[in-house]
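Have a look at the structure below before the remarks.
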Amino acid sequence: MPSAADAVLEFRKVAKRYGEQVVLEDFDFALDAGEKVALIGPSGSGKSTVLRIAMTLEDIQAGDVRVHGDYLWRDGRPADRTATQRLRAHLGMVFQHFHLFPHLSVLENLTLAPRLVQSVAAADAEAAARELLERVGLADKADAWPEQLSGGQKQRVAIARALAMQPDIMLFDEVTSALDPEMVGEVLDVLRELGRSTDMSMLLVTHEMDFAYQFADRVVFMDGGRVVEMGPPKQLFDQPREERTQQFLQRVRTR
Amino acid sequence: MIWNWDYTWQVLPDILRAFGVTLQATLAGFALAAVLGLGWATARMSPWRWLAASATGIVEFVRSTPLLIQLYFLYYVLPDYGIALSPLVTGIIALGLHYSCYTAEVYRAGIEAVPQGQWEAARALNLSTRATWTRIILPQAIRPTLPMLGNYLIAMFKDTPLLAAITVMEMLQTAKLTGAQSFRYLEPLTITGVVFLVVSLLASWTVRHLETRHAIRR
Amino acid sequence: MIEFLQTHLPALVGGLRVTLQLTVGGALLALLLATVAGLARRSPSRWLRWPANVYVEAFRGTSALVQLFWFYFALPFFGLSMPALVTGVLVLGLNSGAYGAEVVRSAIANVPRGQWEAGRALNLGERQILFRVILPQALPMMLPPAGNLLIELLKNTALVSLITLSELTFTAQVQRAATLDTVPLFALTLLIYFLVAQVLAVGMRSVEARIARRRGRA
């Protein structure tokens, strides 16, 4: 278990409600530097919300969220604009439905934020973008438009776009769920390569159990807005302690 | 103060009475537009090419040109052909004709929105063309168009002041004459504006309310 | 026929020039107001939202002709007196701008929420997201309704004849009173409006096409 001192992203007693509906309750979780964690659980368990809260796309009613020890949310309230912007720079997110900017070319999708937010010079941003595209295997698509790409290609561009901002914590929200089966592999390959070649901390919400088993350092099972159980993949998948974990795994695992 | 309240109370009854004329013109004009529009829409979908083309041409022409000129046209030309109508009736016809071109578009969109499968099912049941139209297609086509028709009703209401140009004593004309007599235009014109605003806001809310109710029920 | 044109065409063209001045002036003002008010209506700040809402509801909910008369006859009571051309451009701009604000607001609202989220995930500021990500996507959605509003504005220029500005409709009336060539004259006038409307429509369509091409979806 990572100690709080090492945690790059930490949730403490976070509660989130959507009107009457409880989404997260008493949620505690810490992501260690360089750790790869898979977040699994039935739909409605609040997994995606965890990522969205870290990315300040949703608000919370109670609890703390800290990035590298600094408060992003404190007692359910967000930090001020400067602090939020500063801390958000550590995080990158890839969405289930890609959300590429359709009115910009692939290259422009990658260079927009670095140029506007980090004041990177256009030429430098472009060079960095081309390198990233090379890395995700889409160097020849730099001048293409998003609508010309397949789902798998779009998602790889989305990953490159997030990487262009050089975050040290990457959040992946069911990034293969919207893809046709034959394209899932190419995206998972990119994720594997990222895990291998960088020391980024990665938090993935996923339904790809085999991938989670091979890739993650730790797996967290959530249900009803709380952490039910967590541990190394071998332990959680092969010898789950909690009954709810067992029930869930029986339903979803093919082996 | 610039505003004269005494004068306001003095003028108010006249304007409210003129509102009755405005209302008459609106409702009668819209009834005409609603019926005529259906005629245009059917003509445009006719298998006879010349009919469809002429209808499309006329509708496009009327929609793209000012109502005011069409109004003048009827006002000056009809008497030459021996048709003597009161200014109000002339105005109603002009409004009805002009807006029938808008309702025609609305009907056309509504009819085209009925899925192809409905036509095919009707054909498979050997229904006559007439029965297909009146029992299957039109009932499905009209319902979703009602909010849009409501909006055109409100638009026509706001166009009734044009009838002042052919001397119909609706609200604007009344306000103009009252203003000219007393040399004070501020109060009559403002009252007129407020009446329009209140009525069209109420009407818009009603249309939107009915729209949501209709949407939920389906 | 030639004689007829020789008599009337020069005068009508003179009127047309004023009509075009009204159209262009009104359109530019409307564009400005629509953008400002459309964005203001979405603002989280009450101080921006409420004035914008009042403006839009007031000018959409009242009749354009009544607005014209009010600005021309009632405003002087507050010490503000303007020539008919200026009043015309001002009122047409205010009126069309109010409808345009709704077009702007609605187009922005129709850009998928995921685009906002993606921008936020890249740490872009709200204003940067609005101008670099959202508006470019909203723009193609605004063009077709904007084209319709432009043609509405053209038709509304005819109303300014009623405050005695010598635009096309006024000129046509003058010519009619002088020569009593009622039917051909009005027909010609309608034709001129129709042609201008077609030119505007074609112009808007080519703008739509150019915007579409720039986005790589020819």
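Read from first to last, the chains carry the letters A, B and C; within each, the first residue is number 1.
Everything that follows uses one rule, which is that a contact is a pair of C-beta atoms (placed from the backbone, for glycine too) under 8 Å apart; a residue touches a chain by one contact, two chains touch by 3 or more.
Because the structure is predicted, anything quoted here is derived from the model rather than measured.
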Chain at maximum distance from chain B, centres defined as averaged CA atoms: A
Central chain of the complex, centres being mean CA coordinates: C
Inter-chain centre distance, chain B versus chain C - centres from mean C-alpha coordinates, in Å: 21
Length of the line joining the C-alpha centres of chain A and chain C, rounded to whole Å: 47
Centre distance in Å when chain A and chain B are each reduced to the mean of their C-alpha atoms: 55
Contact set on chain A toward chain C in their complex: 55-57, 85, 88-89, 91-93, 95, 97, 99-103, 105, 112-113, 116-117, 145, 147-148, 161-162, 165
Parts of chain B lying in touch with chain C, wherever the complex brings them together: 2, 61, 64-70, 72-73, 76-77, 80, 158-162, 164-165, 171-172, 175-176, 179, 184-186, 189-190, 192-193, 196-197, 200-201, 204
Sites on chain C touched by chain A in the complex: 112, 114-115, 117-125, 128, 132-133, 136-137, 215-217
Contact set on chain C toward chain B in their complex: 57-58, 60-67, 69-70, 73-74, 77-78, 151, 155-159, 161-162, 169, 172-173, 176, 182-183, 186, 189-190, 193-194, 197-198
